[in-house]
Structure formats: C-alpha cells, structure tokens
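Lettered A, B, C, D, E, F, G, H, I, J, K and L in written order, each chain numbered from 1.
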Amino acid sequence: MKILVLNGPNLHLLGTREPALYGAQTLEEMMAAVRRHGDQLGVAVEWFQSNDEGALVTKIGECRGTVDGLILNPAAYTHTSVALRDALQASPVPCVEVHISNTLAREGFRHTSLTGAACVGQIMGFGAYSYILALEALAHHLSGRT
Amino acid sequence: MKILVLNGPNLHLLGTREPALYGAQTLEEMMAAVRRHGDQLGVAVEWFQSNDEGALVTKIGECRGTVDGLILNPAAYTHTSVALRDALQASPVPCVEVHISNTLAREGFRHTSLTGAACVGQIMGFGAYSYILALEALAHHLSGRT
Amino acid sequence: MKILVLNGPNLHLLGTREPALYGAQTLEEMMAAVRRHGDQLGVAVEWFQSNDEGALVTKIGECRGTVDGLILNPAAYTHTSVALRDALQASPVPCVEVHISNTLAREGFRHTSLTGAACVGQIMGFGAYSYILALEALAHHLSGRT
Amino acid sequence: MKILVLNGPNLHLLGTREPALYGAQTLEEMMAAVRRHGDQLGVAVEWFQSNDEGALVTKIGECRGTVDGLILNPAAYTHTSVALRDALQASPVPCVEVHISNTLAREGFRHTSLTGAACVGQIMGFGAYSYILALEALAHHLSGRT
Amino acid sequence: MKILVLNGPNLHLLGTREPALYGAQTLEEMMAAVRRHGDQLGVAVEWFQSNDEGALVTKIGECRGTVDGLILNPAAYTHTSVALRDALQASPVPCVEVHISNTLAREGFRHTSLTGAACVGQIMGFGAYSYILALEALAHHLSGRT
Amino acid sequence: MKILVLNGPNLHLLGTREPALYGAQTLEEMMAAVRRHGDQLGVAVEWFQSNDEGALVTKIGECRGTVDGLILNPAAYTHTSVALRDALQASPVPCVEVHISNTLAREGFRHTSLTGAACVGQIMGFGAYSYILALEALAHHLSGRT
Amino acid sequence: MKILVLNGPNLHLLGTREPALYGAQTLEEMMAAVRRHGDQLGVAVEWFQSNDEGALVTKIGECRGTVDGLILNPAAYTHTSVALRDALQASPVPCVEVHISNTLAREGFRHTSLTGAACVGQIMGFGAYSYILALEALAHHLSGRT
Amino acid sequence: MKILVLNGPNLHLLGTREPALYGAQTLEEMMAAVRRHGDQLGVAVEWFQSNDEGALVTKIGECRGTVDGLILNPAAYTHTSVALRDALQASPVPCVEVHISNTLAREGFRHTSLTGAACVGQIMGFGAYSYILALEALAHHLSGRT
Amino acid sequence: MKILVLNGPNLHLLGTREPALYGAQTLEEMMAAVRRHGDQLGVAVEWFQSNDEGALVTKIGECRGTVDGLILNPAAYTHTSVALRDALQASPVPCVEVHISNTLAREGFRHTSLTGAACVGQIMGFGAYSYILALEALAHHLSGRT
Amino acid sequence: MKILVLNGPNLHLLGTREPALYGAQTLEEMMAAVRRHGDQLGVAVEWFQSNDEGALVTKIGECRGTVDGLILNPAAYTHTSVALRDALQASPVPCVEVHISNTLAREGFRHTSLTGAACVGQIMGFGAYSYILALEALAHHLSGRT
Amino acid sequence: MKILVLNGPNLHLLGTREPALYGAQTLEEMMAAVRRHGDQLGVAVEWFQSNDEGALVTKIGECRGTVDGLILNPAAYTHTSVALRDALQASPVPCVEVHISNTLAREGFRHTSLTGAACVGQIMGFGAYSYILALEALAHHLSGRT
Amino acid sequence: MKILVLNGPNLHLLGTREPALYGAQTLEEMMAAVRRHGDQLGVAVEWFQSNDEGALVTKIGECRGTVDGLILNPAAYTHTSVALRDALQASPVPCVEVHISNTLAREGFRHTSLTGAACVGQIMGFGAYSYILALEALAHHLSGRT
C-alpha cells in the first residue's frame, strides 16, 4: 500500500513559523515520523510540499493508478481553492484532509473548507500527530473495514 | 486515565437511521469497540447519550475532577448550541469533537461548528472509526507529547 | 391505524397565551377534538406535549414500528432545531407539520422552517382546525391514494 | 357559497410535467375532483388557470362581491410576485395558499413565500389532495367556526 | 405637449383597496383630476392601467415619437421588474416615477426601486396629489428650465 | 402659514460643487426662488443650512409650535443619521424630504433613506425645482385636501 | 428539424434601443438571418417575441411534440423569472439560452441567471451572431454528437 | 411581593467557570445575596437554575398567578432560543433580563438577544451586582412608579 | 465622588417627544431626580445634553482627571457612532450605557450598540429609573466591590 | 489569423475525470478537433494547458502582438481569480470564455464568473463543441462583422 | 505651496489615548514635526482638529482657492461619514488620507473607508510618520511629477 | 540595510497595461528609481516579480535572515490570497504593502485587503511614487524611530 502526503503553502517553514501555533518540529521531522509510522503499518509513505496551487493540482492528477491514498494539508488553500477541490473530485484516489492547528478556533475566514467536501474526512488540531491519525484513518478506510 | 464519550441527539438510533450515511452498527456496538480499544491503551472509557442539550451541558459540567478527557459527538447541536460551547469553554477537561459522517459534504447549515472552537481538535468522516481515532488523539494529547 | 400528535414548547399554555393569536381553546380541548375526528376516520390518536427539544426528539425516535404517522407542531423549534429535523429524517414514519397561526404573517425569523423539509407537507394558519386538516392529510397519505 | 380556485404558471402542464414531483393527474382532473368535493360540502367551485401574473392579479381584483373565498396556487409567482401579494392584501375575500409539492424540500429560492403573508393559511405537500384540504379549510374558515 | 400616465398592478382597485393607505378616490377620479390640471398647463394627458408587466413594457416602447413624457406608477413592479427598468432605459422619453403612499414607511422589500434609476426623478407619499406634482415636475423638465 | 427649509451638509457649496450633477445655481439663489414661490402661495419661507448633524437635530426640535411645515434636504445624512430620523419622529411638524439629484441613479449606499420613513413623502431628481415641488406638496398637505 | 426562437421583453425595440449596447439591427433582420442560416443547416426556424412573462411560459409549454429545440433570449426575465425556469424544467424540448450583450460586464443584478440552470447551455456577448451560434449549438446537440 | 430568579445553562458552574470573566462567587452565594437584598425591599425571592431550555420554558409558564415578577439570566440561550422568547411573550408576568458580563464586549454572536425583546428591560456587565440592580428595577416597575 | 451624565440627541425633547414611548417627564426633571439620588449616595452629579456627536466626544475627552464615572445615554448615536466608541475606549473613566426604552423591542437597526462594547455595562428599558439604576451600578463599580 | 486556446486547472485530466459531466474525450483529442476546425476557417490554432494560475496569467500577457484572439477555459479559476481578470483587462487581445459543462446547473459557487466581465462573451454547456463554437465566435468577432 | 492637515475625532487626545496603539506623542508635537518637515520642502503647513463631523465638512469646503492640498485623518469618521466623502468629492483640492495605526489589523468595521474613494491615495500604519509620508506624497502629487 | 521589493501578477506589463490607470513607466524603470532612491538612503534594494502566488509565498519564506524589510505589491492577490497573508504572518521580516492605484476608488471587490492585516502599513494611490514612499516608510520603521 502506497500513500502520498501533500503539504500546501508555508508548511516548509514549520518549526520556524509561529511555533506557539504550529509547534517546533520541522516538516522534514514530521514527515519522517509519518514514514516510520507507515513502516509499522506496512504502508509506504511519500511526501511532497509546494507553495504552488497548480503544482498541488498537478500532483493530485498524477496519483491515479500510482498511489492508493492521499493525505492533504491544503493550508491556506483550504479556504480559497476551487481548483484543488476539482482535482480531488476528479481523482479516484481517496483523500484525508489534515490541519495542524484547529482552524475553527482561528479567524472567521478559516472556519470553512472548500476542499473538505471532496475528501473522505478531516482531522485537525492535534499538531504533528494529526498526520499520524490521518495515516491510521486512511489505512483503515483503504482496508474496507467499517 | 478515564475518558467520557458524550453522544448527542438521534445517535441512539444508529444502525436503524439512514444506514447508507451512518453505517449499520448500533451505538452500543460502537461504544463497546471504543471501550475495547481503550482497554488496549490502558484508558477506562465511559459513555453517555442524550437527546437533551441541557443534559449534555450538565454532564460536561460534572467532568471537572472526575474525568481526564472528553470525546463529544454533538450531532445536530454542533451547529446550533452556544450552551454546549459555553460548557466546554468553562471546563478544564480537554475535548475532541467527533462526527461519523463528513459534515462538509452535506447541507450548507452543517458546514460550520459552534462547538469545535472550544475543543482541542475535530475528527470526522470515518464512520465508527472516528471514535477510535479520537481516543488515540485524546490519549496522545493527555500524554503531553507533541 | 395509529397516529401520534406531538406538540412543542409553550403549546401547553394554549387558551391563556395570546388568545387573539392562538384562540381561546386549551390544548386538551384541541386534542380531544382531534381524537373525536380520528374516531370518525377509524384512526387512533395519541398525543404528547413537551417544552423539551430532547424529549420531542426521543418521542420521534420511539415511533418506528409503533405508530403509523406523526402530526408535529414544533412551535418555536420549527425555526431553530436541527435535532428535530434529523430525528424526522431518521424516522420511517411520515410526518405532517402543523401551525396554529400563519407564521409567514409574523416576525421574519418565523418565515422559514428547518423541520418542514423532513415532512410530507405543512398546514398552517387555520387555528385548532389545522390539526383536523393534518389528520385528514395524513390519513389520505397513509392510504396511498394520490 | 362560491369559491374560486386560481392556478398559476405551468400548472396547465400537470400530468406531463415532472410526474415524479407533481403526479400523473391533469389539472382538469384535479379541478373536477375539487368540484365534486365542493358538491358534497354544498360549495360551488369555479377554477381558472393562467401563466400570466397580471391576469391572476386581475382575477383576484374581480372577486370582491362575487366570490366568498379563494384557493390560490401561485406556483412560481409564490417567490417573486409582490403584485399578487398586493392584490390579496387589497381584497376582502379570504384566500388559502396551496402547493402540490412541499416547497421546503426543494431549491433554496422556493423556501419563502411572498404571497403567503396575505393569506389565511397555507397547505402544501399533499399532491392533488392539497386542494381538497384547502377547500375544507376555506369552508371551515368561512363558516366562522374556530 | 402630450403626456402619458402609466399605472401598474392593483391600481384599478383604488378607492376600494385599503382606503386608509391609498385614499377613497378611484383611479378614474384621480386621472380626471390630472387631466384637468394638464388642461391648465396646456398639456394633453392620456392614461393607461394594466396589471400586466408585459403590457406596461409594451406601452413604454410605443411612446417613442408619440408622447413627450411619461408618469409611471409601477406599484408592486417597482421592486421586482428589471423588464420595466430596461423599457425605460431603452426609451428616449423622460419619465417621472410616482407613488401614492410613502414606500419608505412600509415593509422592507418596498424600500428600494429598480425602476427609479431609469427615471428623471421620484415623487411619493402625497396621495393622489403625487400625480399632480409629477405633472408639474415633468412639464418643468420638458420646458428645459433648471 | 410658515415653512422652514433645512439644508444639510455640503449644500452651501451649491453652484461650485459638481455642477454637472447639482446645477450652477447657488443655495442662496435656490432659496430666494423658493421664497418667491412661497409669496405666491401666501406661505412665509425661512431657510437654514448646516453641515452639522446636531445643529439640524436642534433646529427640528425647535420647530414645534413655531413652524407649520418642514422641507428637509438631509444630503449625506439621509443615509447615515438615526438622530435626524428620531428628531423628525419626535416632531409634530410634517416634513417633506427633498433631493436635488436622483439618488437611486447614484452609488449603492445612496439607494436607501433612513430619514424618509419619518416624512410625509419624498421628492427627488428635479434639481432646484425639487424644492418648489416640495413647497407645493407641503402647502397641499397642510391644507388638508386629498 | 424545427426550432423555435423565443425573444423576451424589449427585444422588439432592437435597432432603436441603446444601439451602442445592442447594435443597429432590428429583431426582424436578426431573425431573418437566423432563418437563412437555418436553411443552410436544413433546420426550419420559427420565431416569437413577447414582453409578457406569461406568454413566453405558454409558448414553452406548447413546444412539446411540435418543436425539436428552443433558443431563448429571456432578456430581463433571465434574472427574475422562476416561472420561465419552471416552464423549461417541465419541458422535454432542449433549450439554449442566448444574450446579445455580455451580461457579466453590466450591472450586478445581471450577473446571475435563473433560467440558465434549466438549459443545455448559454451563449452571450456576440451581438446578433449569438443567435447563429446558438443555432449551431442546438443543431449539434440535437444530432446527438459530442 | 414574590419574585423568581431564573438562571440558564452553565450558571451552576459560577465560581469555577472562567473566574476572570464571571467572578469568583458561586451561584448559591449570588442568590443568597439577592435574597438578602429582597428581604430589605420586602420582596420574597425564589430561584431556579437549569441547563435545560425546556425546563426554563416550563418554569416561565408556571409563573402566571404565582409570581409577581421574573429575573431571567438566559445565558447561552439568550442568542438561540425562540422558545424562551415565546414563553416570555405568552406570560403576563413582567421579566427583567440580566447578564453577569457585558455581552456586547464579547464574540459577535453574543451581541444580539432574542429574549430581550419580550422583557421590560435588560441589565448587564456588573457581575453579581447585575442581579441586585435587576431586583431594584423589577420592584420599581411592579410598584407602578415611573 | 463625581459623576457626569451625558445625554445624546433629541433627549432635550423628553416629555414632549412620543410620551407613550419615553414618558412624560422632562430631561430637567429626570436629571434633578438623579441628582437627588446622588445626594443620598454622597455622589455629586453633573449633567450635559447635546445633539452634537462632536460635542459629546469632546466632553468624554475632558473627563479624564475631573470626573470619576460616566453615565451615557447615546440615544441615536448608539447605533452609528464609531467616534463615541473611540472616545470611551480612549478614556480611563468607567462608563455605564443607559437607555430609557428597551431598544431590543424596537426597529431592527436599534438592536445593536457600537458604544456598549466600550462601557462597563448597559441598563435599558426602565424609563427615567434607568438612570437611577445606572448611578447605583456606577457607584458600586467605583467602590471596587464585586 | 492566429488563435491561442488556454485551458486551466484539471483540464489535462479530461476523458478520465467525471466522464458523465465532462465527456470521454481527452484534451488532446478536443484540441485536435479545434485545430482541424481552424484549418477549415483558415485560422491557426495553438493551445496550452496549465494548472497554474500564474502560468496562465503569464501566457495572456505574452499574447500582445503575437496572437489575434484568445479562447480561455479558466475552469476552477473562473470563480476565484482576480489575477486572470486583470490579465485579460490589461490585454488588447479579445478573449472568449468557454466552459464544457453548464456551470449554472452546478454548485452555487460556480454561478458567477470573475473572468467573464473581461471577455467579449461566454459559451458554455456544449461539451467539447463549446470550443468549436468559441472559435466560430472569435473568428466572426475578429472579422469585424456584426 | 500651502497645505492643511485636518484631524478628526479623538485625535486631540493623542499621547494619552491608548499609547500602545497610537504612540506617546501629542497631536501638537506631531503637527510641529509635520510643519518642520514642510519647512524643508518649502511647504507652509496649517493644521486643524475637530471632533465635529460638520466642522470638518465646513473646513474642507473653505479650502477651495486658499489651500493647495489636504491631508486628512478622518479617524472614526473614516468608516461612517458620507458627508466627509461628499465634501471631498465636491472639492477641487487634492487630499491624502492618513491613519496612525493600520486599520486593516483592527476590528472588522475599520477595514473599509468611505472617505478614501474621494482621495488621491491612502497611507496608514506608520504612527506619526504617516503624516510626514503624506506630506511627501502630496508635495509630489502637486508637483505634477509621476 | 537590505530591502526586497516583491511585485505580484500582471505588474510585468506596466507601461503597456491600462496606462490611464497605472502610468506609462515600465516596472524596470520603476524599480530602477526605487534602487536609486535606496542608494541615497544607504539601503540596498533587490526586486522580484512573479505572476505566481506560490513563487511569491516562497520568496517571502526565504527572506528570514537575508533581508531586513519587504515592500510588497500583491496586485490581484491582495484580495484573494490567504497563502500570502500566512507567509507574511509567518515571517519576522516587516513588510509594507503598496498599490499603484487607489483601490478604494475601483470595483467593490478591491476595497478590502487580506494581506494588509499582516503588514506594518499600507500606501496606495501615488503611482510609481508609492514605492518611494514605502521605501521611506520601511527605512524609518527599521530605524526604530517613532
């Protein structure tokens, strides 16, 4: 089983960016932890980060037939990107949306998600551990159990 | 470690209510699974269901000092209850919000959560497995790890 | 054939509450008239009143398999209760929504109905006679005629 | 006692138009049934259909002194016609609004009624039988009973 | 100089319709008074009433080259008719909008005018005398004085 | 009969301010014309201009018992002043609202009037002649004719 | 193959009405050009114009079984008519919506279309040529090619 | 003279709940102080707390004939309960609304009050002393003095 | 202890202005009563009225160091004045907002308060007695008791 | 004559993405058909696809002086991109907006177009044939015929 | 070259009012610095402060012919004053809007500017230095350089 | 001291794009002028332009530790990019937002700025000179003077 973790804009700054809100871990460290957790579950984990809406759209389009599931942290694009929503809707690969912080407890324009409607589900607010939970959720979903 | 799972209105009907949307398991079966998972983690799990906004508010108020963490599926009250939000805000016990279905993919009035802002985080869309993920998330949160 | 009439908040005050708007009959008198009308149609009529959103949700959940049809006057909850809407949607028992006054001719926040979308239809504005009409409508609906 | 049933735009297509939503009966058949029901109640029933907002406004204006009550299915004009609302408000003849389908369960722009505020009450969702119920409601209203 | 007074829906009921709001004069009496006033100013006054949006649109289209100015009381269509607004905008004949009552002191949906933006100006609230003032205003406007 | 004409902010600039929109006449010239017209009608006309919301409120309060009618051009305060609306509502002296330009044909925030609801009626779009029409309207209103 | 072109309010004024926006051709000339183009495609073209919402609704209702396709320029009714939308939805005859000008580049209330949702597609902004394109589009659609 | 003080959801937590916002006093202590103050005024004070919207509605309904005045702190229900508003409107017993904190200085959804429109007046922002002021206000109101 | 009572626009008309809504007392009588009540509490009461937003802003600015507390009835400016809100926010002198009528039971545009967010609290609906209650509230607040 | 066809995000997936909505043709096949059609009209057709908002903006900027006309299918960026609108507005090259599906019949957030206001016109709903129609429209527009 | 700096409500309190937000300098000190800077540029600087909307409107009206440019800090009136906007629009003297704090980073009702649309440009967020920049901007603008 | 000037979409077209609105200078010329002005202030100026939201986000992220201050003209992204706002918020480098035209005097969707809230301040409306002023503002801000 192969899973791709997609990370949106500014997430390459993790560890330096507002640590009170996003924690002190870098994205590399977080992704390494997700990979190790994948190894335990027998799941191969790839990851990718881009600040570019179009690059993320392209990546999602390339997943068909090469990847079994997606974990997507769309960051700021959660609230503005119809293109990402369309990309997910067009894709047969199931996706889990993930956020490091609890966006419901932040500014009003972060309370809705355009992309979430095209995902299996959403996990947010647990810091780096949100990714681990998403991996568990996706593995469970792909196993076809209820 | 002791955790209380609170279930809101209509969740007592699980298994009979729109199975295509909510699955065929009853609430009792779901809660039993959460308990078993708690046993594996060394966490004692209690649960409670009420159709009554006031009864849920009361339960949350009673948690102080008796329970280490809350898992709350506010169901329909997610979108209308300032009282539950106030109860969570008034409580020192951390809470994880859970939904069986992905509310972002349903009617517009289900796209926001009044209660979520007073929780650590939110997990939704994974059916009964949402509760298991919430238990993992809460246990991790209470352990103080990042 | 068995029908349950559910009455929401403040309806226990009928006869004393704003008689210009709601008439001088008490709820007991109204329900007795509905029962007599049911006797003529060969329909057994039970009724229930609660000021409690949760108690009404519970009653609706209990109808499955015990009652053939519901007449619901959600009163103030018409405009605020997602929980009642969910309860109706989860129930296989057909429901007719009823209002004593014409809510379209009152304050703006009474012009919409959250619960109505989960009912067969709606009857309003005819005072106590709204219930009699609802009984006729429900009996007709249950008879399967067009 | 004399009652006029007014039918708005596209209702002349009943029986052919989206039968899943509006049933297989033609308007002529429906109106014949209303007439027969009127005969039982000793009420003379006339009917009229127009796709024209102005023709409906004119008809309502002509009712004063010639008709005892109105049953109006404004169809699409329910949601857009201030002119029909004004015509009803200007008329001393009481009116009952009727809809074949439950408009609360359809598109958002059908959830409000401009005309309903100028009527005694509203009945909707019971197919052709909505008219029979409206006739009963109007006869009861005109008899001055509560 | 020739002027046409156009009257919209329900204005044929003047004198019988809500006299407290619209006065006891009939439309015929009002128009006769406008005509007499026109005679004093040396202005020929024609008038027309229709409940039909389309008929009013047609009349406005016919004015080009046959009439020097328009007085329009669009009544209910004031608030809903883009077609009348387009007709006025397409016409080289200047128009004054008139209302018998002060629409700003009535229901919220009467506080705006779609048609007014395509007129020279608006006069409202002075009962039948609003038409006389509009005639004066139009005559003054057509005379090219400031 | 004594009438006061109240002019709001920036109207002292008439003649210099955007002549394409407001004409080339000064306020003094306009008021002199209103006075002459008043002489013909046997009405004494006083006038007052202020850029100050409070000064206009005070003037309206002083009218009780000293003035028979008001003509008010609230200018920019039309759209923002609850204080002027309250002053008019508190006053037994009837008022006619006047605008030089047709505010419905300008920016969206000029399409509503807070003050108009507390007036007898509104006249706008006829340049300086709007005041003459208002004087006629007020004289007619005060004469008690319909 | 037989096609009906329906033209809404004020389109009979084409050629005289705001030529900068709508061009100098009359409707008769435009329709003659559409007919000639139809001859080339082997399509019989009929046309009809009305300022009347109801007359347009009636025409659409009559198309069933007599016409293969509709081209509709609803003009002002595009933005206000639920009745036309219902007529189209009730009709089995496919329709293409057409506008002479680009309504997205005009006033805000012209940016949405109520009728377009019930059509196959929409073509706008190409002047009289919009009709020719619509004819091509409809012929292609009816031929069943992709 | 007998007065009932009704306290809504979460107020049983006073003293423990966000003391920076609500103070360190418990509800029991606050109510005891209100009682003592009532003794000075010769007013018997009863009190009741519930987290349940329905229980509060029921209590208000029972006041007719047994209580002279109500002091209501609806807490979270202030902003969401049409049922409490209806209960107050249906009751002949005058009510004063009270809030411990100044809700205008908190989140946007706390800036309006549904219940306040059915009360004599509102007092908020003075901590526990808000109740004492409400008692004074109610006693004064019931004494019929201005 | 010295307290200033600030009264906004139109309050100088009290006693003559809509007595059904505001009572028959003049502002002078009301202020005299507040003064007498202040004498009992050992509080010196000054008062000021202006129709002028700017004059009220100036007065608030002058309070620093000369006055211990403010009672402000902003009247119409409650709903429109950011300047008064800024003045209060800039001032170290605590303020209590007061209204004679219950603004929640009046027009929709009176349901919010811009100024209230910058005050300690708000008292409204008790006629002239609202000021007495505000004096009590302010004295209590300044005494530092809870 | 040289024309550039610009395709926005996710259009590279055509043929695989939701074929029920977008058809079974790939973008390459569609573009080849447009090219062939261009050959018949004597128009050279180039095409470009990007998921990147910025890349599309850049392409539009490069068209000045090298291309005679643009056909743009902005896909998801239709509804969110002010940058594409600005690029079109800054460009002297005329553009026709194209959509494969009828966006008016889809989710509410697809009912408006930010980019359309900067185009000559819009064609949508005819599948791959929308491009052919756009080519015809653009060729006609560039030929300067009406 | 002569420039007038206009300062709106509460700015006379600078130095004492919320120094964290507005700095510790008084308005006199700020204006002295602007004057000194003007001396360097060969520009005579006058200044004026008023809490009064009307006084500011009057000042702007007096500038015509006596002053070459305006710097305006409308403070709270930025967000509420149509009268100031009209005054600026009526004036031939170019104006630069200035704010000490960055209003985009404050409460939502401070995110828009009514007055800014009638200015050359806007400078905000640089404390007292905003005025110096505005002086530079205005001098540059008046010099006619690009 | 080192400063980076970031220019958003379509700004590479300056000089050719709508010169009436943006002036005749190219971006290269503008940036050269900023550089020369930087030389005078002893500030090294780098610049960068991209049509790509992601590329701008990346550049902002790279500034940490390499650049002392940012000048950002986000152009169209001002109104739509949460990603740029997040990038600025995540960065310790202070930023000044700049616009060539006065966006408050353009279309409604340009009246707000998502990015401005994460900047020190905003300067707009002065053409190319806006950049010079921003450089002065930033240099002053970085010098720590008030």
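Going forward, a residue touches a chain if its C-beta (ideal position, glycine included) is under 8 Å from a C-beta of that chain, and two chains touch if they have at least 3 such contacts.
Source: prediction; values computed, not measured.
Listing every chain that touches chain C and chain I alike gives H. Within the contact network of the assembly, the step distance from chain E to chain H comes to 3. Because chain D and chain G carry the same sequence, their contact can be compared by residue number, and under half of the numbers here are used by both.
Chain H has its Cα centroid 31 Å from the Cα centroid of chain C. Averaged C-alpha coordinates put the centre of chain H at 23 Å from the centre of chain I. One finds 54 Å separating the Cα centroids of chain D and chain I.
Those residues of chain L in touch with two or more other chains are numbered 52-55, 80. Shown are all chain pairs that touch, namely A-B, A-J, A-L, B-C, B-H, C-D, C-H, D-E, D-G, E-F, E-G, F-I, F-K, G-J, H-I, I-K, J-L, K-L. By the touch criterion stated above, chain B contacts chain C in their complex at residues 8-10, 12-13, 16-18, 50-55, 75-77, 79-80, 109-110.
Contact residues on chain J toward chain L in their complex (touch as defined above): 52-55, 57-58, 61, 64, 80-83, 85-87, 89-90, 114.
On the side of chain G, the complex with chain J involves touching residues 23-25, 96, 102, 104-105, 111-113, 116-130, 133, 136-137, 140-141, 145-146.
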